[in-house]
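Before anything else, here is the set of structures, which you'll find just below.
The two complexes that follow have chain A in common; it is paired with chain B in the first and with chain C in the second.
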Partner chain A sequence: MSLLRVGSSVAIIALAVIWTVIVLAAESQWQVLAALVVAAVAIFAFSRMRAGRDLAFTLNDSGPSIIAIIPLAVLVVAFAIHQDHFQLMMLASVLIYGIACVGLTVQFGYAGVINFAGAAFFGIGGYTAAVLGSTGVPSLLTLLAGGLTAAMIGCIIILPVLRTKGHYAALITIAFGLLFRSFLEVNHTLGGPQGLKVEGASIAGRSLLNGIQLGTLEPSFYFNYVLLALAAFTLFFLLARNLEKSWIGLNLDAVREDTIGASVFGINVAAWRIFAFVAGNFLIGVAGALFAMMQNFIAPSNFTFSDSLLMLSIIVLGGIGNLWAVLPAAILVVVLPEKLQGIGEYRIFVFAILVVLVLRFRPAGLFPRSMRQFRREVGQ
Partner chain B sequence: MAILFEYFFNGAVLGIMYALVAVGFTLFFGVLDVIKFSHGDVLTLGAFSGLVAFLALQLTGLDLPVIGLVIVLVAACIVTGLVGAAIGQFFVIPMRNSSAFNILLMTLMIGTAIREAIRLFYPTGANPKAFPALLPNSPVEIGGVFLRLDSLILLALGFAIVFLTHWLIRHTKLGLAIRAVAQDGDTAQVMGIPFKQTVLATFALGSMLAGIAGVMHGIYYSEINFGVGLLLGIIGFSAAVLGGLGSIWGAIIGGFAFAALQTIWVVLFPDASGYRDVFAFAAIIVAMTIFPTGIIAERYSERV
Partner chain C sequence: MNQLFSARDVSVRFGGVHAVDNLSLDIVEGSITGLIGPNGSGKTTFFNAITGLCKLAGGRIAIDGQEIGGLQPREIYGFGVTRTFQRSRLCLSLSVFDNIVIGRQNALDLGLIGNLLRRRRFNEAVRENHERVHALLMAFSEPLARRIFDPLHSLSMIDRRRIEVCRALIAEPRLLLLDEPSAGMTPDETREFMDDILNVRKNNPRMSIVIIEHEMDLMQRVAERCVVLNYGRMVADGTFETVVADPWVQEAYLGTS
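Showing the complex of A and B:
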């Protein structure tokens, strides 16, 4: 029985991997559109079938080792497309946006603290990497510094957010996002509208720009960035999932669902909100630093309000609070617009309408978060 | 001194435009407790439909100054009113029980769709369009200060619209219905007030205000761009929130406060005028910290 369940789950994931490779490697618009239709039908079918529930159960209720599925699946995809710069860059972007969206999930999905300035914190990480890049600080430390800077600025922004509620709190993060963008546009030390050049990452004295040799394969140098982003994504995914399963996650759920009730039970609401916001911004900052290193160049136009909306669209499309949905949703949001270049001009228009329709007719997202299971925690 | 007065005057024209947008936000929030973020792009749509009406008028050769302005305003109001009501009917009302965040994101995306539609479907929509000077823009001297006549008329028009809206809300049957629905939708329905029609009328009314603001914006800057809606929408929203959502006077105060912040910065630091918006938004954040529910607090801000 259990074997059957695992078997069907593995089959679904294998199908998803094959689908991803096909979409990444697709040449024509029609292939992409056909793949999109197939995905829509498959998601609809699996969410109604037993196999879909089994998959959700396997992913949510297994121990931490289940996470090994992510590097495994991504590596299969990466090897399948190992020669193509552009496709690998897209895969790395998916992972980087995935890290940022794990951060947003911790903030909004777990603690219910809304953040409309995702792109701003992403940019803070990126600009930290740009400034530190020329000073010879090791790349991994730069990533850490990007995260810490974003977290520190988050510490300031959380103060007004804590004092306000609902739409008022939303306005503060929106205002901060706009403030950050217009600051970058006019500040000449940080390059103004032209932006800044960023040093590429190098680990243990080896620049990631030099491709690595794997046996007979000679993959593109973006393969290195895929590996780095994959390592970071897997690490943060593991941390966030353990956080969700722990007593901290329980407290965050309580704070989100019923603030007053939580405080009656002695939960320090303000402290948990600060924790979630700062931790989430750390992840977003790290993702931003990594993104800047990979692109070698950043400009204020990378960090607009629309980009914040793009990140939020990822977690909303996937299903708010469902970590496993982040990667599939990031693939949809990051890869499809690039692949639908032929529609060209119309792609933002089409994308906006798509998000509106999903919100209107499937408001819980494509893969809704499953309920917390207490059976094991209580002990049988 | 004269130059200060000029700054003050230009700030006031900006303020009345922001206030018109903010009143729209406040009306929507009043009746349904939702934020309809496509508002800024509805404004752009109004400006563009005004432009189309003017071009059509030119083709028929009817080029009279006053009637031209009236027809442009009416065209803008009809289009924005219909679009506003349609967004309410098909997207906001069916979603009103879902989380505030979902509605916020959905209306932001509807706004994006409208913005992109203008860019794509209006001929060469990606470039700024010259907006016709519908008002005489000869300078007028008042006590040694030269002001543009069209700005003066715009300011007067803006105030007239605001007072008209206030009168509509306070002294007509529709206004009574809107206030009743804002206070308690269910009870209003029990009392025989058609809930849906009232909400749709409110959406149409608020969107018309945005349409008028769009035409004013076009006349004031003599050009219109498909992207102005995003920033104007966010400024209007900030103004409404700063004033306190749900209060018309709060929205007007908020609109003028925002324009005042921008103007003060430019007067104090003319060399760093690029930081105008940075300062204004930072001030908004600080103001929200001091007044967490806006300057004129929501009457039922704590619902425990």
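Showing the complex of A and C:
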């Protein structure tokens, strides 16, 4: 790996970090729109330049230690905005949606199992956290329980999904998502339409609501949630990346590309689809539980069909199957609408135009997935 | 010679159509059998029936005396039956290496922990598989072996066919089914590919090959035995020369008398 390649890759990541801080801290609509234009031009330019390809190659082909740039970059952003509650909350939300989208990537990007009920599994995780919050179960166990509950409930709908194909399987997940919301609204033990209060997270007996002191800095308590979400995101990112670069990832690709070809070569198509769906829902459930703890309050209106679409649009905009695209795309999809509050409902319009433009001009996403390579493993 | 494969009165129906009709065929170890017949005569359907992709309406199929009729495709793979497809079923978005190594399922079973966490051992497994895939490719073509990590979609038709055959060979099957391997190739490529098939046979003397082909030159050169199907039934069986001389075949397949 040449020094130049490393240098240009580091420079692009540094620019992305600065861009993120500017957008998070932007005060006026015009700053945000200008940043959007800059990003569009930069992505277009880098994708045609050697530096962009070098970065994609470095991210795809390096060993697991390359993942360290995620916590590094996010911590730089977090320290730059350490005093602002709202900005830190947005950053934590980006990471939490990022965890859910790593799950969707395993499901849809790898195995090709479409899931239009992302918000429902997110909600299952959230409601699990709400129910367990008052029982004194440790927060990390609650996160685990949120994931496990989402994974288990997902097993109920995987059977009809496996027995149908394409659009029909998609419709089943849509129906499940709608049913889930209706169920919450009529269920009074779960708070009905008013929702439930959720205990905040506490780790080692210390509530995350108490801010930590870092030297002379006294960051907002949301800083703690950024750290917790960042730790979870990095862990799941590492596992998903190893999964992709393993025989399991290869089997999932074969199942997605051609089920008949896969079955003739001894691949258990149904088993791998179930695996991907369950693993993905686990991640979405953990993300939902973390989200609920941070928000302190959840209601059925947090988990609508349009929230499912929002999650899917993150992986479609970023580049289906490319884990590295999840965070940048999550920043676009989660932060931009918040920052464009001032132009009211026109922000949906801006977002819609963005989606149409990406699908028209970069159908594989802003950062398309790179082909799996085992060059480094065999010493080439 | 030991008998490897046996089909008894195999029938496949699509609605009222008898795609394969009471077909019986025995194949001995280490043979190359050609399967010919006009379009729609049930050749590919017979392959699909053997590999479990379509349901049998009747009859029995056995490998080494063990019944495989009615099993799932992936279970039949476990009996050492692999195949290629008329329209190739390779994964275009993956590399040459990935496309071939996928055929070696029993070597890829490391469990969740072995795949995700024990990466040093996994990397050893990659190296071991890489050596095998590379050696297999070298037997076909050295320039192709150098492209082992290239994306599949960058390859020519003959190289894609070779990759498909490699994927079917890497698991060391006992019965290899080739469905019209020359489709989409130029005459030169077809001749080159014939040499490849004869080479495969030389390296795997105990493996049996069944090949569906329209290209008569190829058939004449590689097939020791020719079976002719028409309307799902066997109409002739013998060496290429005797089969081609058969008046039934002249009428049904070659269309002249």
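Here is the rule we go by: the second predicted complex is superposed on the first by the 372 of 380 C-alpha atoms of A that agree within 3 Å, B and C clash if a C-alpha of one lies under 4 Å from a C-alpha of the other, contacts with A are read in each partner's own complex, and residues count from 1 in each chain.
Everything below uses one rule, namely that contacts are C-beta pairs under 8 Å (C-beta built on N, C-alpha and C of every residue); 3 or more make two chains touch, one makes a residue touch a chain.
None of these values were measured; they are calculated from a predicted model.
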Which of chain B and chain C A:Phe86 touches, first, second, both or neither: neither
First (chain B), second (chain C), both or neither touched by A:Pro160: first
Per-residue touch tally on chain A - higher for chain B or for chain C: B
Touching partner for A:Glu257 - first (chain B), second (chain C), both, neither: second
First (chain B), second (chain C), both or neither touched by A:Val356: first
Which of chain B and chain C A:Trp247 touches, first, second, both or neither: second
First, second, both or neither for A:Phe265, with chain B first and chain C second: second
Touched partner set for A:Pro64, first chain B, second chain C, both or neither: second
Set of chain A residues, in rising order, touched by both chain B and chain C: 260
Chain B residues touching chain A - in the complex, by the definition given at the top: 29, 35, 91, 94-95, 98, 100-102, 104-106, 108-110, 112-113, 116-117, 120, 230-231, 234, 237-238, 241, 245, 272, 274-275, 277-278, 281-282, 284-286, 288-289, 292-294, 304
Touching residues (chain side chain A, partner chain C) in the complex: 64, 239, 242-243, 246-248, 250-251, 253-254, 257-258, 260-269, 371-375, 377-380
Touching residues on chain A, where the partner in the complex is chain B: 108, 114, 157, 159-160, 163-168, 170-172, 174-176, 178-179, 182-183, 185-186, 260, 305-306, 309, 312-313, 316, 345-346, 348-349, 352-353, 355-356, 359-360, 363
Chain C to chain A touching residues, read off their complex: 51-53, 72-74, 77-78, 82-83, 85, 89-95, 97-98, 101-103, 105-106, 108-110, 112, 115-117, 119, 122-123, 125-127, 130, 149, 151, 167, 171
